[in-house]
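In the two complexes that follow, subunit A is the common piece, with subunit B as its partner first and subunit C second.
== the complex of A and B ==
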């Protein structure tokens, strides 16, 4: 049973990402969108946390939310995959459940 | 109307788009500008994200209100502050932020960029010396 975990809150304002990474199974994918996308940027205080998670699981970020906030793909941590809305749907469809960390 | 000029500080702590706070703050600033008070804007915590350049909301179907920040100088907003620690924690520098120009129409005095990065002590000082703080 696989679960897609989604995080839509800034890691600097809520602990949604922290809890997500703590409780998600290592082979389950994590998708960051809306204010959650701030976590994927290089050079932030959340970078180490993200890199540690990346070593064990797939992390995706929603491209349109990144662009809306003024960040291009060259600003994100290596190994994180950018997806569009179709990619979001595909992730949801390819996993048994979705857990949204609000 | 009273001649008293008060110091208004708008304290912005939320990222744009994820919640309505940033946009609401901007609307209140623009309304408040009509009342000839001394208006200052402070961006700290996730609020610093409001000022990033290159915001493109075409893909998310929301209004891109970031160009409005560049016009604040025309609304007689002369002081805009950004907290240094908040920028650093987010891997940002002043180069990632919009520049906001200001010009005094009477004296033709010009300031190229009124966005000023300040330390925590200065943030506290600015809060202390304000008459009113609007929190967003």
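== the complex of A and C ==
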């Protein structure tokens, strides 16, 4: 059984991404959206955490939320996949459950 | 696939309602079914028909109503005589609504209020509707703070 985990908080504000990565099973995908997109930027203190997570599971980021905060896709950590809302829906449909880390 | 959506935050305050709207729209455009959208906690404020945002801003309440209209986010029930009742499936939690002054005719009467403000494309109901949506739908997707 696979679970899509969604994180909408900046890792510099709350620890929901950290909790999510602690609890998520290997190979369970994580989608970062809303303020969660700050986690995928290169050169921040969250980069190591994301790099470690990428070895365990797929990490996705919502493109429109990235763009809304003024970040282009060339600023994100390699290996993280950008999806739009249609991609978000596909992730929700292709996994058995969706867990929001509110 | 059948989706149920839960929204815990009000409009113009948090991105949750916007995110939920774009997710729901994308799901419907892909041909998925949206069984119910349940507005809980401050999310009940998405259901007031009295909202009047500036003209150059999005109207979050109307946007939900138009999406429900276009894609028929509604249920049809038949009584023993075969009469059909069509019900909107934009559902506002009654306990959260009472606290925040979101009122329909029944609630106005019951609580002695002199006005209503629920949008005609929304309805007020109980938490059981969220439980039912979670059971009936293949996926429950939650948006909040």
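Here is the rule we go by: the second predicted complex is superposed on the first by the 102 of 102 C-alpha atoms of A that agree within 3 Å, B and C clash if a C-alpha of one lies under 4 Å from a C-alpha of the other, contacts with A are read in each partner's own complex, and residues count from 1 in each chain.
Assume a residue touches a chain if its C-beta (ideal position, glycine included) is under 8 Å from a C-beta of that chain, and two chains touch if they have at least 3 such contacts.
Bear in mind the structure is a predicted one, so any value in this text is a computation, not a measurement.
A.B. asks: Quick check on the subunit A-based superposition: subunit B and subunit C, clash or fit?
C.D. replies: Aligned through their shared chain, the two binders fit side by side on subunit A.
A.B. asks: On the A-aligned overlay, A:34 touches which partner chain: subunit B = first, subunit C = second, or both, or neither?
C.D. replies: Touch partners of A:34: subunit B and subunit C.
A.B. asks: Applying the document's definition of touch, where does A:100 land relative to subunit B and subunit C: first, second, both, or neither?
C.D. replies: In the superposition, A:100 contacts subunit C only.
A.B. asks: With both structures superposed, pick whichever of subunit B and subunit C touches the larger number of subunit A residues.
C.D. replies: Subunit A has more residues touched by B than by the other partner.
A.B. asks: Contacts for A:52 in the overlay, against subunit B (first) and subunit C (second): which applies, first, second, both or neither?
C.D. replies: After superposing on A, A:52 lies clear of both subunit B and subunit C.
A.B. asks: Report, please, how wide the angle is at the C-alpha centre of subunit A between subunit B and subunit C, in steps of 10 degrees.
C.D. replies: Spelled out: centre of subunit A as vertex, angle of 80 degrees.
A.B. asks: Going by the contact rule set out at the top, does A:92 touch subunit B (first), subunit C (second), both, or neither?
C.D. replies: In the superposition, A:92 contacts subunit C only.
A.B. asks: Does the superposition put A:44 against subunit B (first), subunit C (second), both, or neither?
C.D. replies: First partner only.
A.B. asks: Can A:12 be said to touch subunit B (first), subunit C (second), both, or neither?
C.D. replies: A:12 contacts subunit B only, not subunit C.
A.B. asks: Per the contact definition in the header, classify A:72: touching subunit B only (first), subunit C only (second), both, or neither.
C.D. replies: So A:72 only meets subunit B here.
A.B. asks: Can A:63 be said to touch subunit B (first), subunit C (second), both, or neither?
C.D. replies: A:63 contacts subunit B only, not subunit C.
A.B. asks: Nearest approach of subunit B to subunit C by C-alpha atoms in the superposition, in Å, rounded to an integer.
C.D. replies: Scanning every C-alpha pair, the shortest subunit B to subunit C distance is 5 Å.
A.B. asks: For subunit A, what residues appear in both contact lists, the one with subunit B and the one with subunit C?
C.D. replies: Dual-contact residues (subunit A): 8, 34, 64-65, 84.
A.B. asks: Across the complex, what residues on subunit A touch subunit B?
C.D. replies: On the subunit A side, the touching residues are 8-10, 12-13, 34-35, 38, 41-45, 47, 63-65, 67-72, 84.
A.B. asks: Which residues of subunit A touch subunit C in their complex?
C.D. replies: 6, 8, 33-34, 64-65, 84-86, 88-90, 92-93, 97-98, 100, 102
A.B. asks: Which positions of subunit B touch subunit A when the two form their complex?
C.D. replies: Touching subunit A: residues 14-19, 45-46, 49, 52-60, 62, 64, 66, 89-91, 96 of subunit B.
A.B. asks: Considering the complex alone, what residue numbers of subunit C touch subunit A?
C.D. replies: Going through subunit C, the ones touching subunit A are 1, 3, 8, 15-16, 19, 22-23, 25-27, 29-30, 32, 138-145.
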